[in-house]
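A short worksheet on the structure shown next.
Order of writing sets the chain letters: A, B, C, D, E and F. Residues in each chain are counted from 1.
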């Protein structure tokens, strides 16, 4: 029962964050929302009895993707200094 | 009703919904980086739905340790093959994302714009 | 044995209450620095308490939970310090109730920087 | 008995995550959203530990360790981006 | 190249390995010793902060005292801030003040700043030279001396002994 | 207008296809025969406690080799597209300095992160870990080094050397499997050992160490080329 409550809440959160990520005007907010989707997806993988996939998603799919996105964003922003 | 309120079914619905949201972003947004974000969301949705296919009710992760009865593994474990598939798919996903972002940087160098409507060279 | 388990569960519950209060503080506080104070700090103590409680419920988990606790204790203040420093450098608005800002005098280049990305 | 108390604790943690999600949706600027991200990951570490308890597997705790580490580095990268140090 | 530096890092990494694996098998311990030796030689010359530690009985005693004081402060101030949050009127009184510290070693200063950040109610924002800029949720005094005694005084006297 | 209508049609069509799949989806009760074979005999045939590792490294080892190759090609293309910028010292100096807390904490954290990464890929056959996760953690440690000291430059020569050496080592172990065991990438090159200890399951720990080093250096390479490319605008 606990698993079901947790899974339903995380699924709701993931969908809300996905809509934020697509709909929001700001790129930074969209990227952070994508990172949070990855982190909650890894909790969902854990609930679905896949710890290997959860660890891969937490490390690669969420962490490194966010870092790469921010490096690219840093290269193309207007510098006023 | 209760037959649909299972872990694997709701996860499958979430995965499909994420795929549709990602496709929506992929098709309607004009910003190049937004398109890459849509792709990343599509990727996550696909992985979630494959993993939800491998889940079997009331079973646990396919790793043998002290808390597992090693002779009865066939009735205790979920399917390990989709998990191995998704594990590699996530790593490929980050490689593809990095490649797309490198293309975006290169395109930005040419036209100084992130709007997809300013790249009309190959449009017909 | 059973008593220790119930005590551990109650400690976890207390930790969960702190986590909930952290979320509430995140919603109610008026500006960024107060949100960091109420949000991340309370949830850090809540996480530590709930991990200790789970270590009491399950024997044999103590070492791995202990290393997670140490890790959270080292990393969490560093990350909230980094966010606070960055936001103050960007010229984050303080709430109207603020009495004094002595760091403002030191950083003369805290000009408002807008970027549209 | 123990499991009932832990279910109550889990529901409180989920409520905490929802409150910080509210801050994520509302939050006026990027810094507030990063704070909300930080709080969500810290709460999720204890949720993962709770899942490990309900599944009865100690090996799930490795995921919590990696989770805490990677979100910390992400937050540091975002903060360095905000203050133009990247 | 500081030998004590490398040895301290080696002990730390080996303890982490033992806690991670959670077994006392000889093979696992041997692998852990090898890995800890390799990593501590690789990183030892870059991190000079470990060389200051001296493992004397006095230091262990003060570390224990420090942990007790820190834990007590953590719980006490958490309750204070929790009461603030559930108060409907939200009686906060925030401000950013500066305090001076006497500590010189980088490790001691980091632990002091992290302790200040971890106790709710106070948050280190920046360190410039010897001055800590601290956001205080309930400002009682604007005088740096008095604020220093109020916020960091109770941690500083232990850290001064531990890190010299 | 026509374009929006087309997009709407594509989304609706996709939704219809997916809902058709969803209606026919029933969670199964039993493992299918192939998975049943892997689950039942994986521990005795391969000697790995983590059956996902058994599938990734031995049963489907050839796929993993191809995947590591794809990652290598990706890193190479990213490095090719993003040439390093010309030396401009002004920009480096205009960056905001790292806070003292972060640079002190990173001297404590970076060795810890590397130890965690090495633990993850050494114990890939016992815990939910492995080469890919460990490699990502090692790349994160490298990111942490850049964060604490922005002026540091990676030596691409050493990274490329580690990367190619571990790749060649992986292939050599695979070829050794043809001569000493049943086939390419078979793990019985070394003795299986006692089940559940760190040096068991044949060459799986060795292969995972090589994969971890290779993935870690490739991801570090991608991040390094993204950091050192020139600023647009």
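In this section, contacts are C-beta pairs under 8 Å (C-beta built on N, C-alpha and C of every residue); 3 or more make two chains touch, one makes a residue touch a chain.
Quantities reported herein were computed from a predicted structural model and do not represent experimental measurements.
Comparing the centres of all chains, each the average of its CA atoms, the largest separation from chain B belongs to E.
For chain A, the chain with the farthest CA centroid is E. Interface comparison, B-D against A-D: more C-beta pairs in contact at A-D. With each centre defined as the average position of its C-alpha atoms, the distance from chain A to chain C rounds to 20 Å.
For the pair chain D and chain E, the distance between mean C-alpha positions equals 23 Å. Work out the mean CA point of chain C and of chain E, and you get 16 Å between them.
In whole angstrom, the spacing between the mean C-alpha positions of chain C and chain F is 31. For chain F, the set of residues touching two or more other chains reads 50, 52, 96, 99, 101-102, 105, 108, 112, 116, 120, 127-130, 132-133, 136-137, 140, 143, 219, 222, 226, 229, 232-233. For chain C, the set of residues touching two or more other chains reads 24, 36, 44, 64, 67, 71, 74-78, 80-82, 85, 89, 113.
Multi-chain contact residues of chain D, defined as those touching 2 or more other chains: 6, 10, 17-18, 34, 50, 55, 57-60, 62-63, 65-66, 69-70, 73, 76-77, 80, 83-84, 86. Every residue of chain A that touches chain B in the complex is listed here, in rising order: 3-4, 7-8, 11, 14-15, 18-19, 21-22, 27, 30-31, 34, 37-38, 41, 44-45, 47-53, 56-57, 60-61, 64-65, 68-69, 72-73, 75-76. The touching residues of chain B, counted against chain D in their complex, run 60-61, 63, 65, 67.
Of all the residues in chain D, the ones that touch chain A in their complex are 6-7, 10-11, 14, 17-18, 21, 24-25, 30, 33-34, 37, 40-41, 44, 47-48, 50-51, 54-55, 57, 59-60, 62-63, 66-67, 70-71, 73-74, 77-78, 81, 84, 86. Within the complex formed with chain F, the chain E residues making contact are 9, 12-13, 16-17, 20-21, 25, 27-28, 31, 35-36, 39-40, 43, 46-50, 106-107, 109-110, 113-114, 124, 126-127. Partner chain D is touched in their complex by these residues of chain F: 95-98, 102, 113, 116, 120, 127-129, 133, 136-137, 140, 143-144, 147, 150.
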